[in-house]
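Structure, as structure tokens:
In this document, chain identifiers A, B, C and D correspond to the written order of the chains, with residue numbering beginning at 1 in each.
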């Protein structure tokens, strides 16, 4: 993993380890990694140090081998720099990362939090919009129907936003996983979302590019999910279109339309 | 302030600066100081390092001179070690410190938070019972009638606790101030509260103990509020009785009965 | 590993994971773990948070499986609370933990540092006596002859101490390993060293105590190195005598006399 | 001070408070402030959080009023992110900040450290080139003859560098003060130093620009020392030329040539 970690500009310290979703330019408001290893639940490591100089991260990266790794580097939009605000967030076997923001979250937070299931409510530890969004999606059934749950969660947030006169309550790229399947979403109320790409099937790429060293280092199942393509390998990347999500598992990936679903009131 | 800071066992690093309220034995889950100085609002410094080795604290202590200083050393009962969980908490000109806990806070938190005024709700940044208790007291009118507001807040917490079958929802010693007057409270649902003392008028003590060096270092208005008396000066300390509060200002102090006030439902 | 981690008083968070060497009473000036896993060099994780509340530690512990784990909880004797001062220290495949101190290190530091091999000198990153002691032992041949190198390092430190009129320059229990063999040392210039114990061969113990749950959880090769015996299992512990060291590898352990070796001058 | 603190791009959080010396572009490897206030020695506050989000910094800034304030934001060139590596460094009444680096410090460090006075050596707490440079300058007489001491320190560093085949051992802008007089230096072995400016006498500027709000907020004695001019006020800034230093005190400032002075060997 050292090559991936040590390249300064497009290194995976900045953007990902195996699978990840970066969005912001370089920033230093903490970071986190999540991975599936020995324990029943995924491991999570959060730090408020800038990732580029964190020695614990370098040590862990050299010692983690996992079929699914999330990495996230945070640019705070105002909430405190603390470990409980660092992505990925975890619930049971699920991990969640969100880039973007809930517009005017200060105003909307109380109503959104009220919609979180009371049994899940006490698990919220931080103060970010992203964590509340995760618990709202869990309350809406994320573990049984991830796309539907996220559509219902976003629908509700937009509904609450509309009641408060907030024009564009949601900007998001989201990645979530149960350790086996990966769901990635791209959506914003303004329909001008940040870009989102994932790498294509590695075995096909390896045939086209037998000499690309990075393709020798990763397994057939590896996927990178990033905000901007890394490197210049032809055919390496699929862009998730505006208002879409993709389901990636077992070497296959499928793109679907994402439609927030407002509650009947 | 150096003598007060450097005595290892009963030093004011462990327990207070000028006015404070310690309760727990030695612990290291962060600390904070609050003081009234140049700014319009009191200054607050929070740290998650153990206070006894914090170099910034030593520097600040040497440079802070204030008629009212709060200091608090935290022993977490489970919530995260982060600056937003460190006391004293601040709202406008008010500071708040709480030792003790809300019983089964995990269960009661959602209902208590719902009782916080929606306009104050977004200011809650941490995850502790103590901060929520502060915002509940503010919602109940702390700034106009501190004793009444705390009585109403505790009454409501006990009512919510009763609904959830929690026997003893409240254990507390609390100190709060607007920078001029200091209110200290001692109460628990079980009527077995932690001890709470404050030092008596310094000018009277100085006449009795002309040679006590500590009395030369502090001004006439200085008061220490502590969980256990420091030193062995006869006549130096007043104990706040069980289920009582005291109002301290302008060299005078008065003790009153504390009676939680349940809401009519 | 959860049972070992969650017992509050004698848990291995406080004292060890698989193999460790505790000495101080509860303290919170940072901690570290080192383990042998996937990488070429051992992994090291250092933190300045109190170990008992560190969430990253809990996550890592649940995901680390290693035949050799060092854990250390630090009580600073004055040097700064920072990751570079946390044990275990690492050089190549070697780990090093030290409890105790070099007497009057402030006075002796410069001369001791001068005796560190110039090629190793730039690797010193922190400000503790323990790290300098490690690099001195490395300079004296730790990688080829650990007991001899530690004897020469301690001999030189005592010699430098004598020149500066320091009566008791060394107090130490030390554990060091290359990942295969474990060396533990107990020595002090005053011949009044802190106690040091290690657990006996697990397979023999398992026969004597078929019902002890902790013995079912650890492998035959597991050893605990601690300052005080944990639990009350008869025959479980061997005490390292004053001025001795033990070599533990491949299920065997041997105790030898430790004699600091002064340089000819 | 709030206007100065809240402007995002050229704010004094990024670059200075009253007097400072910025050099690097935005970076987040810790920061520090130093000021002269109540204590006998200047106060120092160091933090490893990114300055732009540090809440303690905002609190302290609102409560600090001082005739001389140093602020520094660090971009690490490799050494650890820890408080002991944060500028400004302090010795007695002296503060010291350095932007730039000692070339190949890894190789040169041991010899430079050997040249530090043995009585000062134990005060070195961190691992940066900048702190060692400060203690070398102190060893060379900084407190009696600041320009001469810095010239001798730089001369020695260049001499040591030459012995090790290091072409350009020194890049620096330095600010140092005893609380009354401020010395700023600009020099590099390659004679291509980073830029360095200081603001001119405020009372003269105020006459020219009666409407500039920033000039109303600062006292006659205020000076800003920065790597790039802030704002576009004509006549506001003096550039320190290559290989020069300036002495600023009591409303006056004088520029002199800086010539490193090699030791006779």
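Observations
The criterion applied here is as follows: a contact is a pair of C-beta atoms (placed from the backbone, for glycine too) under 8 Å apart; a residue touches a chain by one contact, two chains touch by 3 or more.
In this text the structure is predicted, and so the values were computed from the model without any measurement.
Chains touching both subunit A and subunit B: C, D. Centre-to-centre, using mean CA coordinates, subunit C is 40 Å away from subunit D.
Annotation for subunit A: residues touching 2 or more other chains are 55, 80, 83. If you sketch which chains touch which, every chain touches every other chain without exception. Interface residues of subunit B facing subunit A in the complex, by the touch rule stated above, are 79-80, 82-84, 106-107, 109-110, 113-114, 118, 121-122, 124-127. On the subunit A side of its complex with subunit D, the touching residues are 28-29, 48-50, 53-55, 76, 80-81. For subunit D in complex with subunit B, the touching residues are 35, 37-39, 41, 43-47, 55-56, 59-60, 62-65, 83.
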